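Should a chain be cited, it is by its letter among A, B, C, D, E, F, G, H, I, J, K and L, assigned in written order, with residues numbered from 1 in that chain.
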């Protein structure tokens, strides 16, 4: 049976490529998702992709991954730094979770240096732009 | 006229009994709600129960309790520590409010030690699992 | 062509005039909005007004202002102090943004002294009650 | 065999009803103890009650509960915030311990917000006046 | 009888238009004062204007406003962040006081983020350049 | 009727004149008490004097001053910085209380700079050696 | 030869009796100075009194006390908490210096709890209103 | 003449061997004291041993060591971290003092990492269980 | 021409597989290096590998990469958190640098949560064991 | 045309040689100024010297250096640590500014370790007594 | 088979007896080492002694103790407070480790109060000069 | 006999002129050393120059200056902020030591604002580029 993974994009990522391109690059979210789907096909993984600006929806999408997906790629964007609810939902899962950030969060404002998720995920990949998702899927594929 | 109280369960509590049973116990939310309804009947209180993973929905449910309920049991879970919006909604009420936590939050991560609600509620009951709701209803019944 | 501005009221402001009148005054949100619309007419500005208790909805309303409005008046209320997601949405805009607070937030609890928005908006107007929105529109009209 | 519980009142509680009634209520310690004894009889629990202003005496009374009592209700009052010795004595016990506070300590001075006992007790009940002891006995009776 | 207001400019504002024009704009203090006087005439307010680099002189000018002026616009510049003496003088007044800052102080060095005046004034207007004084006079005119 | 005041000396003050004379002076506690009694006679005040090294005894002595003494001079020594129980007992009194320290506590270790009593007493006299008690009695005599 | 002492009143004390009488009492500075002069006569001390709102003038008045006065009573008011320059001038003197505060500064805002002078003066008298100056002169008279 | 040393055991050490044996070992206080007396005999030292749960008694026992003992072994247990009164009593002594802790306090809760005694004793021995007392006596014997 | 990359292993990594295998896994450094070389061959990259326990040697190895290598994989281990000298050497380079950590440093002691390198490298990969180096090389290969 | 430099001495420096000679040396300000003038002559620089105890006067003297002097030597003494107004005046200048301190401020009280000027001046010379001014003039002469 | 222990002296200890004798005593390192060897002979322990000023060399010497020595005495001197690399090497060992400091580090600068090693060693001996090594060997001999 | 001084350059200074020229200037270390030797000749001082990237080597070079050199110029670069070992070595010397920094460290990252050396050296010269060494030698020549 093919393995199934879930990719979650957090708030404001729907505007990727539009928002501060000098920070996040000019690639749109559709383009990034296209590359993710391609890599999924190459690695023979089924990939579901979800974007939301609502903390509660992200919580529920993570809850629903239980028993349905074998791995999670999570870029919670701004909620990385403020949402204990998302952290609690992640802690519910018993599958590997990779935290991804497009920009190097350690070069930005101090309030972005601390992740509430970092100590409940498997690992973190930071600073490689949209490519970070692909590295994350490689990492997952070695873990599931 | 019978008094009416409201019980609110915050984010991820829909998975009670599933999520980290070593922390929260194996009782499901349905089982807990059953005991709550039973106690309501014994004390001749009408009880409304609400669960949500969405901060905004909890804010609005609290707002709507104005003029409708005589007491509130609030387990805001993760939002306890991050939501000033829920705190502001609680401060709007002029009925007794009991803050309940299933686990002893002081045995857990430091960011769970501080409640943004604690100084706007009437009292706090912490660490007695699902039984905490029942103690909270007893406390309310003495106040309304 | 007439300029168009957007006014956003954050969580619990739907209860203005009800909630802690000693802090926020007795004027209702409808009354405040009426004055805002009047001033808009006088200054020949089109004004859209939006209220929400949901962080995600505020994020999306700000996102949608791109290319549609020439200025934003934002009273994010409780989310001022907790939402990096709203901050990120504001940083996306290239129109002037005025942060408004009804009460003098520096006379209140310490957690209300720090705004996550203050350094991404154009300016801040604090402490003048509902009149603050009108001053904000005056400020915007000089900037757009 | 009937179960036996111990109730300890810490420093200055001998003046309950006298001391700052706007904070602690007008009920005297004798009145509170009367209600405690009544509830004990109703629940068929033997209850011992002890008050002291001396940290060392409280330490020793807790030590002596070992092998003698099946549960402890502890309102350490001021020593809650300063006594590691009492904390260490509590940690010695292998019976359930309920920490009780009459007033909502989170509405008071910052140095009362932190309890040195909170993470070694079973649970905490705060803000319900003398009634808090009764809720605590209910909680204990479910645990022993 | 016409109302009378006082405008105080703090240290280094005598060099407005010269000093760091990228921060404060190129308008000189004389030009700003001209606009203030014009607005005063339009609103039928008498306006006194005072500039000083000396903390003690500002203290005394504020003291002397007692019984003489109906409102105060105060831009204490650097002394905003260091002078308890000016704060104490402001607290002496029983007329409305508007704190004005030309630049958005929250975009600048951290030591400029905290105002010793903010919790003793009526309200604060920040980030609108010389126009901030005019908004402040509008705000005052609604309060006196 | 003659007024009656109470003087309390805290821990280690029984060794005054012995202990670190370069800090506290060479005068013994008996000598200091003699001067206190003399001044009491001159001002026609009855004076009770009490020394203890036990926090609980000091708490109870302060409790007992209720209805018995018209003023209290309190040098709680080391307990000044650690005893919330003594603070709570002081807050019970409705008579003037003068906090006295022999040495200038602000020239000593940082943990002696903060007094838990300072904001519940009437006033504080620090740094004048045994003479501080006499100044304290003068201060009391003007208040009772 | 008669001893000579200097009394310095800091900023805003010229308005004593006017400013926040609930904090500082209704006695004017002239009345306080009258009592100071009376006590000086009784103790056969020459007394010079000086008030200023200017930090620099206070610095220089303290400098000039060298070789001219035998003791200093200093109520630096707001400058107590902000002026290292006054602290440095005090450290220049080799005569006893008594720091006086009218109100109990420990009951007020946190920024008034710390004195930059406290560890360079002989002693501190706080919380006895205008009477504090008289206690200070008594203290000085025992030291010079 | 034989030298005489004093060994003080602080609060809860009367339950050694009972209390959390995984932290403190299974050896009882009597067994430890037996080894201490044996070593005293071997080194020809007279040894007095004292245990108390009362801060005040420990203060007075230390005070009484003046002129009577030539060295002190002090395990103040919980009071190590909270008692300035014991610290002050230690500072009174002019004999060598060795601070002993059974467990490695740096592996435990943060509030046990700081000792109020450490900078007034001669040296500190931590983490060697009951054997620490014996090492302490060896250390003393080289110093007296 | 083939691209050349450098892999640096910091202090104690020579004992990989030996040291705390529950934290770092049982794979030895030789095994990890073998996989690195294999991947290099597959991606047609020349790979140099260096391990040192000496801060100064790591500084100099990084300095020497200038003009010689096209990318750097740096696992500075303990020096990540303490070495500004290594940070300065990294800042000298104008080639992409990937910071790798075997374990999830955010699950470990607080002093390992802060990296002095994080804001001068291109990106960071944390928590994937020896596989992290391979992901790092994939990341580099997309950047050079 | 000869270059012109300005030397400013801050508060209490008029008493140099008198004040704490163990800290600042026995040389008077006149003697230091003599050496400064001599060096100016040798380097063919015109030198103006100014001393003040008034923050406002120092602000204005710095303002007036604009267009008049080619370099500034500034020893702001106590104001170094408290005056944002002087900092703002320095930031106005576009000539080199050398901050000089007579004593090594890092060996003194912690509040003297932080300079509000340090990041707006060209460089800092600390700890060489009066000679520091001469080194500063040498430094300036290489910059103007 | 005889047991073998290792003693490591950290940076600047090669100058023992020379460096600040008022802090460390006048005994040279050779003299201390002589006493260590003597005690080793008496206790029938083989002793290796190593001194280095290089962090990397100390790391490697600790690494090499694995499988070779039965106990370690470590005085890491300045590196105690700064070296996570040495801490990591110690954590690799499964033999008892005793941390020794010559001076009482708690009487010295604040940055010497915190040891990065304290929670990974068996125990700590502080403040007994060169004798501390001998006590450490006694402690080890009871553990191996 | 000619005086002899030592100049030490810390880590990464071997790349001066290469590394971030916008921060440190384009002058190479050789060029700087040439100017140092020239000035030495002019002042008739023998000058030894040493550069190292190794903390231990710098420690030992400083140790060896004892009895051999009459003054030390120390630019410890990155080690300024992290090395207590170098600080201890400096404290061993009884010759004047001048701390030099090329850039104004107070304009850079916060972790460069604190020097572990500052309170054990004679004085500090910061922000004058390579010229800072020459000023340091001038300063030394007045002290030896």
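Keep in mind that, in the parts below, contacts are C-beta pairs under 8 Å (C-beta built on N, C-alpha and C of every residue); 3 or more make two chains touch, one makes a residue touch a chain.
Predicted, not measured: the structure shown is a model, and the values here were computed from it.
Q: Starting at chain I, how many touch steps does it take at minimum to reach chain L?
A: 1
Q: Indicate the lowest number of steps between chain A and chain H, counting one step per move to a touching chain.
A: Contact-graph shortest path, chain A to chain H, evaluates to 3.
Q: Write down the chain pair with more C-beta contact pairs when B-D is set against I-K.
A: Between the two chain pairs, B-D has more contacting C-beta pairs.
Q: Give the pair among I-K, B-D or H-K whose set of contact pairs overlaps with that of I-L by over half, matching residues by number.
A: The pair repeating the interface of I-L is I-K.
Q: How many angstrom lie between the CA centroids of chain E and chain G, rounded to a whole number?
A: 31
Q: Once you find the CA centre of chain G and the CA centre of chain H, what distance in Å lies between them?
A: That gives a centre separation of 48 Å.
Q: Could you give the separation in Å between the centres of chain B and chain L, each centre being the mean of its C-alpha atoms?
A: 64
Q: Taking each chain's centre as the mean of its CA atoms, how far is chain G from chain K in angstrom?
A: Here the centre of chain K sits 55 Å away from the centre of chain G.
Q: Hey, what residues on chain K touch two or more of the other chains?
A: Within chain K, the residues that touch at least two other chains are 54-57, 82.
Q: Let me make sure I understand the interfaces: which chain pairs count as touching?
A: Chain-chain contacts present: A-B, A-C, A-I, B-C, B-D, C-E, D-F, D-H, E-G, E-J, F-G, F-H, G-J, H-K, I-K, I-L, J-L, K-L.
Q: Can you check the complex and tell me which residues of chain A touch chain I?
A: Listed in rising order, the residues of chain A that touch chain I are 104, 106-107, 115, 118-119, 121-128, 131-132, 135, 138-139, 142-143.
Q: Under the definition above, what is the set of chain D residues touching chain F in their complex?
A: Of all residues in chain D, those touching chain F are 10-12, 14-15, 18-20, 52-57, 77-79, 81-82, 111-112.
Q: Where on chain H is chain F touching in the complex?
A: 54-57, 59-60, 63, 66, 82-85, 87-89, 91-92, 116
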